[in-house]
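These notes open a run of structures that come right after.
What follows is chain A paired twice: with chain B in the first complex and chain C in the second.
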Partner chain A sequence: MGNSKLYKGSLNTIILKLLDEEGKMYGYEITQKVKELSKGELNITEGALYPALHKLEAEGLLDVEVAKVDNRLRKYYKPTEQGEKETINRLAELEDFIRSMQQLVNPKWSIQ
Partner chain B sequence: MTLTQDQIQELFKFTRAHYVEHYDLQLELVDHLANGIENQWQHNPELSFEQAKNNEFKKFGVFGFQDVIKQRRKAMSKRYRNLIWRYFKEWWSLPKIIATLTFVMGIFTLLKMLPQGELKKGIVSGVFIGFSLVMLFRTFQLKKRMEGTWRKWMLQEIIYNQGLLVNLFIIPMNLCNLKWTNGFMDNLYFQLALSLLIVSMGLLLKICGYVIPSKADEILAETYPEYKIT
Partner chain C sequence: MAISKEEVLYIDNYLKFLGIKYIDIRLEILDHLASEFESTEEQINLGDFLRTKRSFVKRYENQWQKAKHWAHQRALIKRILGYFYEPKQWFIPVCIVLFIWLHFKLFPDLYIAISFFATLIIPQCLHFYIYYKPEGIHKNIQSAKYILSIMALPSIFMYLMGIMAPILKENPEMFYIYWFFALVFNIAGLQEVIALKRKIVKTYSKLISN
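After this line comes the complex of A and B, so read on.
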């Protein structure tokens, strides 16, 4: 199931949701957190994570902050005000999608 | 176990060797690789730096950093277009509106006065050639300025490299040379539209060639929090 195409369309929503919960995170931390939450089921590849983060940043949904950690600089992402609103919208869309998919693959037949 | 300063520098060299030219992206990828290496060392302290680095790099896939670079450029180009739009909107303050409209009316009057024929066509084409030449000269000037900087920022490169806009100025120039547009040259509405186009192009040249590059430092500090730190 690891890197299923099914997850791809939801990557931005997953990132926004995580950042909304955690406040701010850096790239590597996001990959690890997703792995931990999905118990290793979902593995966000580096080649997909950074383009998604940069796109969300360019859209004004994420803001960046830089801090010196150990002997290097670290870039943190955090949702902007617009990003917080967008997270709510995208999560609602995702929930609708999941509901529709459940009805499609597992319809509840009833005789009335 | 954390990476030493030398190993961090080694990672910077490694990203440069894999075609990551811009510091803003290098910084992020170096931290990512460093985190991955440190994580591997937690589970396997005997692993060499080289081996751990290569293991982390493999996770980026067969194209390495190429996809990240490509998408980053796309995102930055979008940011640049937003900047043009922002400064375009800012342009429309009261004294500038009057000046711009005066220019439009001035050009319109001139187009009306000029006799129909090759001279008019030549002048209009000349204006667009002039715009292209100014843009090329400005790009050359700005590129020279960038050569002196030892750290490249992607947005800075996009701001300073405006050569592509020349193509935009060539389109209306070609339109003026088309046979079907010649018939419209005496039409008042066409002349008004042409005046608006010339002024809009001039405005675009001013914003992209002069206004935005003059504010490059401010824009870069706003875009990259690390710009002032480093």
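After this line comes the complex of A and C, so read on.
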């Protein structure tokens, strides 16, 4: 994506939404899913993803699970009960923000 | 195509070479690198691939430590507040008040002083025992390393004793309030330590047993 600063503030919300939909995911899977959903427009680097995941885990919004996959162990992230509630709040906040931005940059356009 | 066991070992050794000693951190980096390597379409040597990931590996450990420290303090404050606004937790402050009141009513000053210092020191000692006991889990698990930081706030009551002693001697009611909050912080700290330790053991039992 051209300007990564624009989505940086929404990264935690994007992660929470994906995990809420998928149940549980591992780090690399999240980066690939975001890439796929955004048709290659958004590319979450590992340097941005893991600090965000650890922050969400530290806040008690994500839980972790370790499972054996192929020849190695894998760490899965899944939302906690608190994380599920927070996802709804953060998505509502993000929608409000997008609406406000739309009104600022293009008043005639609406997301509804 | 899934990478071989030898390649997994190669990545693990590379991470050790870069100074990543905690197995829970190596687990996540290793899986990420292995997944990315498996999905690389172009033919690339594993060693060359790993060299391009060096800066990410180095940054990873640092940023995790920062996230954990403040999370523990927040969790402790949340637990303490819960004692006062969650009815099912009220028995803890009630028991503490009862404990202090019984001392005030029944025991001489010397016994109260001994009991006071014991209740400040014992939780800290217990916490160190949980962390440092020989079969402890902290040595190889990064998540367990910061269990120690949970007791930072409760230990303030111990370290402030020198400054507070003259004030507490002159105001007995202040002494009992101080004692009450010291006990609240210490009990909450210990509860947090035990809960976190259980969670870490449950999550990383596969790593610990290997």
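Note that in this section the second predicted complex is superposed on the first by the 105 of 112 C-alpha atoms of A that agree within 3 Å, B and C clash if a C-alpha of one lies under 4 Å from a C-alpha of the other, contacts with A are read in each partner's own complex, and residues count from 1 in each chain.
Just so it is clear, a residue touches a chain if its C-beta (ideal position, glycine included) is under 8 Å from a C-beta of that chain, and two chains touch if they have at least 3 such contacts.
Please read these numbers as outputs of a predicted model, since none were measured by experiment.
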Combined model on chain A where chain B meets chain C, clash or fit: clash
Which superposed partner A:74 touches (first chain B, second chain C, both, neither): both
Contacts of A:50 with chain B and chain C, given as first, second, both or neither: both
Intersection of chain A interface sets (partners chain B, chain C): 26-29, 32, 46-47, 50-51, 54-55, 57-59, 64-66, 68-75
Residues of chain A touching chain B in the complex: 26-29, 32, 45-47, 50-51, 54-55, 57-59, 64-66, 68-75
Sites on chain B touched by chain A in the complex: 2-5, 8, 27-32, 34-36, 39, 59-61, 63, 67-68, 70-72, 74-76, 78-79, 82, 224-226, 229-230
Chain A residues touching chain C - in the complex, by the definition given at the top: 26-29, 32, 46-47, 50-51, 54-55, 57-60, 64-66, 68-75
Of chain C, residues touching chain A in the complex: 2-5, 8, 24, 27-28, 30-32, 34-36, 39, 53, 55-56, 59-60, 63-64, 67-68, 70-71, 74-75, 203-207
